[in-house]
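Two complexes follow with chain A in common, the first pairing it with chain B and the second with chain C.
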Partner chain A sequence: MAESYRRSSWKNMLFVAPYLTAFVTLLVFPLLWGMWLSLNKVDLFSGAKFVGLKNYARVLADPVFAQAVKNTALFVAVSVPSLVALGLFLALALNKTTRGSAFLRGLFFSSSILSVTIVTLIWRVVFIPGDGLLAVLFEAMGWTPIGFLSTKGWSLFSVGVATVWWCLGLPMMLFLAALQQIPADLYEAAALDNASKWRVLTRVTLPSIRSTIMMVAVIQIVMQFQLFGQAQLMTNGGPAGSSRPIVMYIYETSFVRWEIGMGAAASEILFAIILVAAMVQYWLSTRKEEA
Partner chain B sequence: MKRFLLGTAAGAAMSIASAAMADTTIELQRFFGACDADYGTVTDVSAAVGECGIITALVNKFEADNPGIDVNVTTVEWPGYDQLNAQLASGAAPDVVSMHYSVISDYQSRGLLEPLDGLLAGQGIDPAAFTDAGRGGVTKDGQMFGLPFDNWTMLFHVNTNLMAQAGLMNADGTPMLPNSIDDLFAMGAKFKEATGKPYLVQILANETAAYARVLYTLLQQQNSDFFADPTAIKLNTPEAVAAVELMKRIKDEGLSTEAMDYPAAVSGFTNGEGGIAINGTWLIGSFEAQSHEDGNALSGGGYTVYPIPQFFGGRDSTYADGHGWVVPKGALEDAEKAEAIGKLFKFLADNDFQWARTGHLPAVSAVFDMPEFQGLPHRANIAEIAQTGTSLPAEVQRQFAIQDIIGEEVGSAVNGDKSVAEALSSAEARINDLLANL
Partner chain C sequence: MSAAIEIQSVTKRYGALTVLDDISLTITPGEFVVFLGPSGCGKSTLLRMIAGLEAVDAGEIHLGGRRIDTLAPGQRGVAMVFQSYALYPHMTVAKNMAFGLENIGLEAAEITRRVTEAARVLEIDHLLDRKPAKLSGGQRQRVAIGRAIVKEPMAFLFDEPLSNLDAALRGRTRLELAQLHQRLGATMIFVTHDQVEAMTLADRIVIMNGRKIEQIGTPMDIYHRPKTRFVAEFVGSPAMSMLPVAAVTAESVEIAGLGRIAAQLPGLSGFDAAGAVLGVRAEDAHVLPADQSGLPFTISVVERLGDRTLLYGRLGTVCDLVVEDTGRSTAVAGQTVSVGFNPAALHLFDAAGRACDGLGG
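Moving on to the complex of A and B:
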């Protein structure tokens, strides 16, 4: 019998009990309860009636949900690569020990500490027609103003711009931390070999932070699939539902229509989508590494 | 140690005594906006202007008149029902909530509201004192579930300065307004030619309520009984097509401002970006006040207001709703709090004239006969809405969710994202799915 097993005791559980209690109460129980709710016809103020998979069938047959999935997938497909690329670019540009770099790092990270309400207020001032910053600019240039928040296509784009501005700080900081872990002797060796800057980037820097790039991508996929506040406050999902994300569909179904069971079913579907997307990203990254 | 124990005991005794003497607190949750910076300490209600200013001053005055009662106001973003739902579901509802008449049945039918007949009677408030529309708005199954506060509808708010510039004023100083669809487009074209601006200022972006209210109005004007069955809407009708096509034509022919959300439409009107704002009764007081200030497009008394004209031959009608105050279940269990809420309701009913200064129609009948009310500007112009204002049938549930669906789908048609027929079919299917699964 292994030594560690012989020395184990139930008393050791006491050390993990506080965390385990919080984990089970705040994560496992709501997760399982949500799954149970999704199998019931239940609204905010009434008892539950088991309906099997009927809520899932209704959600999957709802064209509004299909549109929300399409909107969210498009949003993730554009915003996540933008966040990874811009975060990496800023980290590379600011990976210096000068005062200017430190100031700019703080400046670029500062947007991340704002609440979604403030972020959307700032970007509404930029995008609103009439007195908005872009509207004034367009007018000054003699261009036809664009209804950024009220035109199909532009509304989701505008939400994306605000989101990238808001969320850029975390990827940048994670990349900076990873860049600072790369051993200096690798760069010294590259310099001795007279390697070009591009070759250093592609052969030394990027391979060294590959696991961080993967981690940032997975974190951003999980985060951006949960888009809600920006869309709710900037466009209210419009026009014609063209900027309604999945979480807003869940919110409307649960709290405006009061259909908690159907909202829970949509939540479980979102959970599965995020899980699959993150897993695919993880699998793709690790497969490359192995190859 | 002895001193410590004595000190602790004395402290505890003082806390108990002060708790016993503490004020009764009413947790009041409302929309109407936040304006504490301007009205946080104002108790002279007659000095307040606009919904937010007047309700804030009313609450301040009530607290000043009733030193033993604190009213703790929570302001929610309009209309605040999502937040209220979450509060009710978690058992943390406030004591008094502002609520549209059109949604009271949603909550009353689930037993979430207190009937108020006893509370109102205890304060000497006679149900007969309210207008039929007000009393009817809060009465369900023969009981009153709210204090009626007003009735409201959408109106034509007119910038007479711009109308004069367009040559659309009568000799008696009143604006020429359209009496038919042809009139509307002729006057709109004339206005644009003279001023270079669109005739109408509409809320066409990031909002659903305005689209729904205008659609209901245009359907009512065609005698369309689209909610003949309160559990299923009928929108695949020639009347609905005619209504939405009119709304679309207004936009397509440049008769309306575009891409304005609610705040932009309100400020757009006072900045002179169009001639007529289609907006609610609640703005009359504010627009009138601005017309007597310098530096805006309404300055020099350039403002008046009329009901939405009758564009179709069926009947003269405008969609109407109203605001009331309701008490969530359980808030009257504490006798002292119930007494305090009763006093607050009595105060609000007694001061319904002050609230009517916003532009809303009063819910208390006697206010109509007050010389002060009759002396308020423009009220004679809009007096007819007391007769022509029509709400949806009270049995129709989830009226705000329905409004969101209609607003989104009609907006899609008006802005060219969907065909009119496609938008109406989609709206009908979505609403009927909602109502079939209550």
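Moving on to the complex of A and C:
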């Protein structure tokens, strides 16, 4: 009875079909097509020509790509821990039911709803030489001004500051949600157990939200490897490519030099990097939990 | 180690709402006291004020001669077992028990000794390396008690610790708590709304209702000499029946609309019967043989409990009554019988609900 019912119920697939159609056309198909493109020499005027792994070899041999990977890795290595630490700090500080903290939560989250153009505009006003906020401040203090957007090292740093400011809202909200799931009586038990504030934080609070910390870290790794808009609008990858991220390399290769096959190959490499980084992060945190 | 607890004129308010009003109570060292009352009567709040989890708005609390209501919870020398157990989910059983001791900087050897000893007493030695998620409700309950024991506190506070256990386990744990109290000889305060727990565990019961203490007394005191109508109706199962009173003399009570019954109420003069009621427990009312006359009682429900039978019905057309009969009772629903009362065990309450029978005195 059950078996025959299940076999007869192919019509049930119709219920999934609308979503499945969108999923396949907008996600699976582009993903596979991108892989196919990466194995071809393609430009917009002539057709595709199969070249095997040649595109990958060219990308990996390209010193500009190597520099972009280095920049992006450095950017992720600094911005992700900053986002996790600051988000956690803000969540801990604002995990109260007062009106003031509700207002501040809204304030810190508000940057997340801005578009990247607005964010970079705001931060250009801060960093721009001559009339920028920091320039004026440096001048007032009598210090030598720094060309934040045009100096090697500082340019990527400035992009990082704008990014952390822009992306801080989501980690904070996720941490707040996790903190509010911790039962109040654990804190009461800890109070009766004579636990200091530090012990409560490290022995009760942080272990209770460990899975959220891991989730936030993975989300941010995936997001920050895809850095593009801020770098393009604030520094355009300069000076001398010192703030060019991988996605900008892909953009320039595909849509400035029109080497679409090579751009697709770089995209697949980025995909692999993000996958590996997220898996390593996941593996590290679950391994600690098992121990 | 056990110590006396003295609660002096303690008041608790939440904004304009007063939840405890001028509560005073003295608990002697080693005593097992149960706070009993309906939901929302403030019994848990009072316990949490002793623990330091709620602030005291007025009054003082002393433990072992030292004022504690101004101290942090961890400084008070009390240990608490929570209704939800509140075990740290990511720590093993051993770590859960050791956490409080590590916080006060006790040396490792002593911590190990205390944890091992408590685990042995509570028969949870084989669970020490497990985390709370891998334990059953009863085992978690033991760990929570163990966490209290290792602190060697001056007083134990229990906040409805048995309410999350199934009936069989609750009965067993109740017995074990009584044994634990005997062995440790510690001062214990136990909050519950379950009168069986209160009657079986307590040296003294504190009955609370509506911001106030209604009565403090031994379980038998509370049961046999309720000072107020609230206590009389709250304690005992089935609940005490209340009969409307028309007039009272030292030897008899006239039940409104039914007639006189014999009673022993010495020392009653000038009692105002207006609004008064006569309380009768089921075991103090009985079905009379056919040749004796009493008040007419129409049975509506017969509950056969084996050793005894409870008859629920109406006395005349006046009020509800529960009558206890023997296990071999032949009563059936719909039948009308004569009932009589034990004249020495009747409880008279005035219109304000105060006991006036010379028993509750």
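Everything that follows uses one rule, which is that the second predicted complex is superposed on the first by the 283 of 291 C-alpha atoms of A that agree within 3 Å, B and C clash if a C-alpha of one lies under 4 Å from a C-alpha of the other, contacts with A are read in each partner's own complex, and residues count from 1 in each chain.
In the analysis below, contacts are C-beta pairs under 8 Å (C-beta built on N, C-alpha and C of every residue); 3 or more make two chains touch, one makes a residue touch a chain.
Small disclaimer: the values here were computed from a predicted structure and weren't measured.
Once the complexes are laid over each other on chain A, chain B and chain C both fit without any clash. Across the overlaid complexes, the C-alpha centre of chain A sees chain B and chain C at an angle of 150°, to the nearest 10. Taking chain A as the reference, the larger set of touched residues comes from B, when chain B and chain C are compared.
In the superposition on chain A, contact of A:L14 is made with neither chain B nor chain C. By the touch criterion defined above, A:S150 reaches chain B but does not reach chain C. By the touch criterion stated above, A:D193 is placed in contact with chain C alone, chain B being left untouched.
In the superposed model, A:I113 lies in contact with neither chain B nor chain C.
In the superposition on chain A, A:A140 makes contact with neither chain B nor chain C.
Once the two complexes are overlaid on the shared chain, A:P207 sits against chain C while remaining clear of chain B. Looking at the shared chain after the overlay, A:D185 reaches chain C, while chain B stays out of its contact range.
When the two structures are aligned on their common chain, the gap between the nearest CA atoms of chain B and chain C comes to 52 Å. Across the complex, chain B meets chain A through its residues 81-82, 85-86, 88-89, 110, 112, 204-208, 258-261, 264, 268, 273, 398, 400-401, 404, 408-409, 411-412, 415, 417-418, 426, 430, 433-434, 437-438. If you check the complex, the residues on chain A that touch chain C are 183, 185-186, 188-196, 199, 203-204, 207-208, 210.
Touching chain B in their complex are the following residues of chain A: 41, 43-46, 58, 62-64, 128-131, 147, 149-152, 234-242, 251-252, 255-259, 262.
On the side of chain C, the complex with chain A involves touching residues 51-53, 72-75, 78-80, 82, 84, 86-91, 99-100, 103-104, 147.
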